[in-house]
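Please read the structure below before turning to the comments.
We call the chains A, B and C, going by the order they appear; numbering starts again at 1 in every chain.
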Amino acid sequence: MIQIVNILLGGLFQAALLFLVSSGLQLVFGVQKIVNLACGAIYALGAYFGIAAASHMFDLGAPRALLVPILLLSGIALAAVIGPVIERLLRTVYERDEHFQLLLTFALILIFEDVIRIFWGTSPQQLGDAYLVYGRIGIGSGILVPVYNFIVIGFAAVFAFAMQWLIGHTRFGAIVRATAENSRMSAAVGVCVSGIYVRVFTLGTALGTVGGALAIPASAASLAMGIDLIVDAFAVVIIGGLGSMKGALYGAVIVGLVKAIAIATLPEIEMLAIYLIVIAVLVLKPSGLFGKGAA
Amino acid sequence: MSLLEAEDVSVHYGAYCALAGVTIGVSEGEFVSIVGPNGAGKTTLVNVLTGLVKPSRGSVRFRGNDIAGRGPVYLSKLGLARSFQLVNIFPELTVRETIAVAVISRLGRGKSWFRSLQADREIRLQVEATAELFGLRGRLEERSGALPQGDKKLLDVASAFALRPVAILLDEPTSGVSTAEKNHVMKLMVAAAKEVGVLSLIQVEHDMDLVFGYSDRIIAIHQGRVLADTTPDGLRANAAVMATVVGKTSI
Amino acid sequence: MILRWLPLVACALIFAAPSIAGPYYITLLLPAFGYGIALLGINLLFGYTGLLSFGHALFIAIGAYSAAYMTSKAGILHIEAIFAVAIAAALLIAVPVGLLCVRYVKIFFGILTLAFSMLFYSFLFKFYHVTGGDEGIKVLRPLLFGHAFAERDKVSYLTGPFYYYMAGLLVIATAIMRRIASSPFGLRLRAVRDNPQKAEYLGVRVRLHRLVAFLISAVYGAIAGVALSVPTGLADPGLAYWLQSGNLIFMLLLGGYTNFYGPAIGAFAFIFLHDQVMSITEYWRFVFGVLLAVIVIFVPRGLMGLLDRRGRWAT
């Protein structure tokens, strides 16, 4: 029984991270109709940068308890810089065939891969056990779960509500929704559409970088994490439905739990299990659980 | 002999009822126009008649075959073709290539991987003949996407005719065409139909002059139901329907 | 007209190369044949049918591992037999994968193909009892038309008989693809690309055509895989990795997908470019990423697009 709880918690932790990244994807897709293939690279960059920032701060004498705030801030700071730059680049292909968007974001993946190599080399980086500063909770049978995991899960939950509030109940959210529905009309009533695009894209990027930063204590930052994430994140998006935040949530939970169960039982089939679900969804309900976009 | 018939067709999208209890039939040799205000359900009816939408209730048959939701490919094999309200072409293909796609289907050459298209004389001749019928002969090598709007429309219709269908459904064939040109386009189509051997023409049209000028029968649709199904004279005599469908202008 | 003579000139150059250039450049050229064949298939899928696969490395890996199995495990060295097995293996995988993937377009198609290739990569990596894990499986020197050329050492074999064999294979593969592209089937593919709905109304079964294009491209990919694995002598999981698929896409864009010969030109251009860039910096991904971005934004029709304004699909 305890084992099951442990697996569930592991799954929820994965789900929390996936939810962050996937909602970034959904947001950007919903507003700008762009699917950001480079989200994995951004996630990886967030992880590496997070480690660098945290290590640096700790060297300067910052208390370890500040780990989470440091990771969050590093992710946001990174996104604030690269988000607008990437958006500007993608702007050149907004009006063109979708394939060009894919190709351009793919070019970004190549670029970021080497950027990581240039700054951090090829060996994985990690923060060691800095996350243990928050302690661990025993859930029975001698199994200890890091409090850090709960913090991340809690953060994702808070974020989900914050997102819902932001999109549904603020002026900014209303403008974003309007622009997503009909950008021409929005522009006609005076909305600076390109400004909205930049902000939304940066927010989406931030979700990616923060997700990557928060992931590191659980695993090392490695070059492979980007591509692993893309497949997982898109599994979430396909299962939940393109363009739907609710879908991102449900999809993330499903994928997270499946991964956790697979890792605990038969690690070899981890990827296979996800793909089988994706295939099943595509065959049975191609638009996903809550999807609006067409395949 | 009834070629295309819909019997008690209803289409529901959730709670919204697009068509209710529509029963119509088109016989060989008829030119039928479907008219009605916007939102009346004409597009849905066209989609049902061309196998794109499966009715929630009722049946649709073409030459006795059930075509409900069977899809465009099956229909093209049975001999029913369609042109579109919004210009529907292959932007990167030339006029010649566009018409050739239809001719290839008709001649059953689609499976050949190794035959050279250019060397195929039969396809070439048929393409040129169809282009000739629609006045597109001079534009054969042009990229469809670069054509003027009116020619794009003609190409859409021409490629449908190139299938040599038994019946063809034209969705607003003269929309986007200047008023001066409309009659010209209609005459082209009627002549082409005769030449190609199309037995029945069905069109959705808003221009009532054209409708009265060319139709054997007019079907008026309103709010998903058939309001009237009669000859032009019969429709003119029905003031109530005229008011709904045509508005205040009298013909 | 440069365009009309280009294929012939290129052909002449390729066959004359061993007499002109030294072994270094000839060995460098070898992968270009394999990539060229793969790209013919990839462009049938993208340029002609409108489907961009981000996971074509899957079929190249299938080809390479077929060669590895046949030579190392089954002891069959006839390259013709290897090709046959590679093609069969590719079709076996491509049918179910294709049936699923062609229901979707654009981004979903791309992600699905990427996912399948990474799934295969992960399989190759993990099941090392079967696949040799990250060490891979060796590919032994195959017999060309039954000849071993045993008297030649590796370099002599590769820059001699093998080179000519592959060049000939590329020419034949190109000729066959030309035929396919300029056939009624090829025209229907382009109709499917441009407007699937209208194509259906003109009697074209869209999904079937996409599937067939996918199968053909898979076969070409597998043949390429065999060709690529012989010079390296190894089939390893990296062949299925997404970066390999990325290289192929880069070559496609570099050469230009609107012209029939574009992608193959891209393969050769890539080889030289890669060689040059590697001698300057190890961060070739960065350079190529930037180049790809530049191409996508400014020169989307690639090198051949610069020469060929109109876009030569079937001529």
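Here is the rule we go by: a residue touches a chain if its C-beta (ideal position, glycine included) is under 8 Å from a C-beta of that chain, and two chains touch if they have at least 3 such contacts.
Bear in mind that the values here come from a model prediction, so they are computed numbers and not experimental data.
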Intersection of the contact lists for chain A and chain B: C
Chain whose average C-alpha position is farthest from chain C's own: B
Centre-to-centre distance between chain B and chain A (centres being mean Cα positions), rounded to whole Å: 49
Separation of chain B from chain C, taking each centre as the mean of its C-alpha atoms, in whole Å: 43
Separation of chain A from chain C, taking each centre as the mean of its C-alpha atoms, in whole Å: 33
Set of chain C residues in contact with two or more other chains: none
Complex contacts: residues of chain B adjacent to chain C: 50, 71-73, 75-77, 81-82, 84, 88-93, 97-98, 100-102, 104-106, 109-118, 120, 123, 156, 159-160, 163
Complex contact set, residues of chain A against chain C: 35, 37, 89, 92-93, 96, 98-100, 102-104, 106-115, 117-118, 227, 230-231, 234-235, 238, 268, 271-272, 275, 278-279, 282-283, 286, 295
Chain A contact footprint on chain C (complex, rising order): 46, 52, 54, 100, 103-108, 110-112, 114-116, 118-119, 122, 126-127, 242-243, 246, 249, 253, 283-286, 288-290, 292-293, 296-297, 300
Residue ranges of chain C touching chain B (in the complex, touch as defined): 179-180, 182-188, 190-191, 193-195, 197-205, 311, 314
